[in-house]
């Protein structure tokens, strides 16, 4: 079961895509000037599968995520065309109420910088449960606290009752990212999104965080959309790959196929740039000199 | 915390001592013989000598200063020329009026500006934000005494809704007390509200653009939950610091407002004492105001530490 | 929802001439124009042009604004326009003293404290603490009533209170600038302390102090107004904006021009000063 080519979504069966993106184009408007940051992107992601979006910084990966969540930076005039359906709800056109419900119930996101993505003035145990606390029904403080403790235990905190009372700056980088994972998986969402979840972490911690993400996925059966500039991580963890460059999809397909038989020179350049112990000594930077890439 | 607080406390005591010393020299600001100026040319030499003695002007600076400080510590702040009553008693009697005025004005200001600033941050440069920004910029240019005069004109003279002057103690008639305090509190509050709005708006915009706000939005929080339950707190330190300064210098502000609305508070006491050149009262009020500034500074620091606990728990 | 200064993209070459920039530019021209006009009128008024601000004219009591009396006349028939202009001169003097004395001395002390550090810095810090703990309006009122009111005394003492504000900020700014590369290079090259101060530090500190200078000037004008409003400023017949507003207050419902025009003068002036301050703030970013 591959994500490509895209299949027409029909009855809500298990093979129906959790995330279905069609001809998604996002333009940023600034005073009489418009710039496309995501151009004509289409893909499907079905239950249990994992898909990596790979590209250099500035390739439009973060804007792609913002577009399919419908959450844009304040003050940025971003206009989205096409559709991005999560569990059948088009996030680009849904009203705020419906969009937030999907965000709370069906999507969990793990952010790039675990320190900056946590509010410095609230205890981690409090922030962890935001997707429940800020929902339509207001659970009691006590039940939220209990849920936070459970979630922290599930991501490997030894003494969650004490650690839930800590502030973000009192945790280590790896601990913070585990809080991020616990917050993302709190409502057992069908879709997990990782936005460079390991980039800000030490190499030794990176693997443990990725393992934890895999473990949580196994537990809940969530699909994973992993956005990364690190092709090695993407190749190791994901079933399918999308290579993005300057807002557009350059190449897409199952990981193995893409790695063994890349069709586009840019993909080839990215693959060659992966440092290998057994490979040739010379390392090529991904300077896209060949091919017509626009 | 104690280790950080002790030098600050010593410094505060030092500041208070210097100010106490300065207030002991107030009499020498007068051109010529203070006793002659205060008593007038018809006074006798004996009267003037007696006044000099009561003010300690016949002694050197240190005996006078130590004498006064000693008195302050045991609650004897001198005796008012005008009323013949103890200065500390006069101050404490007027204090509740000023405290109520300041509290009410700050509550009104906060109730007004927090929704405005957060609403502004919700859609930066949107219509609401632009209106708020322009309005606060204009409001910033209106001195509080002009605000007071205009409020009296509109609400007391023109519409006749509220009384312009007079005071009724809260304990006697709570509702009438509030009715009479509304305009003074608004006058004092509006002057600060513009400054507060700009401070909170700036901080809230920065917070709304932060990564942690993005994370909260992605967790499906409504704008209201995001702004009130996740943005307000990290945005409020500069506002709290300003609030501290306002409360600290409230005596200055109350001078104008109490005079304008004829409220029998500390400001009125000060204006009266200044007009009558009642030196012991002036000295007492200045020293009291300095204590308020120092104490307000310490309370502000504690409040800031409670808002952002990183400062007490150390940074990683 | 267009957000010019918020967008992630770098502003293009056309950015500076957008509609809002043009609006801001108009604001600066208007503000500077108003202040210039006010200065000229105030100077002309003290030089003797226009009506005598103290001359009573019982033929023209409480006259509403007309061509003969632009802002009307008060209960003694005195010309409010002329009194407002003389009031502007009083405010202007206070503003000038704040810039020269408060700004000049304060910034110099602050820069020195930031460069020399040690005991000087500690002393400046302590004096700042003392000054901030002093109830300034009360002290100013006390000094003016006890020492006798004159516009020079008022201006001097108001501006004296601003010295520590400037010193504190200039010290902080100097500390951050003193570690910047060009200063370090000058130090390494053996530039004299004076040269570093005048060539490297002051040119960097002054632009950053301009917004605060404007805010403080506005504050000083308000303080003078408040003082006169309370009756601790200039002696009654002498015109000052605060005193004019206080005097006209009783007749607000019958002769609103008595209060309205001086109030407008002070508000527009402070608004203009603030517009310039905002401009400097944007420029120093």
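A, B and C are the chain letters, set down in written order, and residue numbers restart from 1 in every chain.
Going forward, contacts are C-beta pairs under 8 Å (C-beta built on N, C-alpha and C of every residue); 3 or more make two chains touch, one makes a residue touch a chain.
What you see is a predicted model, and the numbers here were worked out from it, not measured in a lab.
Across all inter-chain contacts, the pair with the most C-beta pairs is B-C. Taking the mean Cα position of each chain as its centre, A sits at the greatest distance from chain C. Rounded to whole angstrom units, the spacing between the C-alpha centres of chain A and chain C is 53. Our note on geometry: chain B versus chain C, Cα centroid distance of 22 Å, whole angstroms. Chain C has residues 1-4, 6 in contact with two or more other chains. Among the residues of chain A, those in touch with two or more other chains are 73-75.
Multi-chain contact residues of chain B, defined as those touching 2 or more other chains: 123-125, 209. Those residues of chain B whose C-beta lies close enough to touch chain A in the complex are 121, 123-125, 205, 208-222, 225-226, 229-230, 233-234, 307-310, 313, 315-316. Every residue of chain C that touches chain B in the complex is listed here, in rising order: 1-4, 6, 126, 129-130, 132-139, 141-143, 145-148, 218, 222, 225-226, 229-232, 242, 245-246, 249, 252-253, 256, 259, 263, 266-268, 270-271, 274, 278.
Of all residues in chain A, only 69, 71, 73-75, 96, 100-105, 107, 109, 111-113, 116-122, 127, 130-131, 133-135, 167, 169-170, 180, 183 touch chain B in the complex they form.
Contact residues of chain B toward chain C in the complex are 11, 14-16, 18-19, 22, 26-27, 29-31, 123-126, 137-138, 140-146, 149-150, 152-153, 157-158, 209, 249, 251-253, 255-256, 259, 270-271, 274-275, 277, 282, 285-286, 289-290, 293-294.
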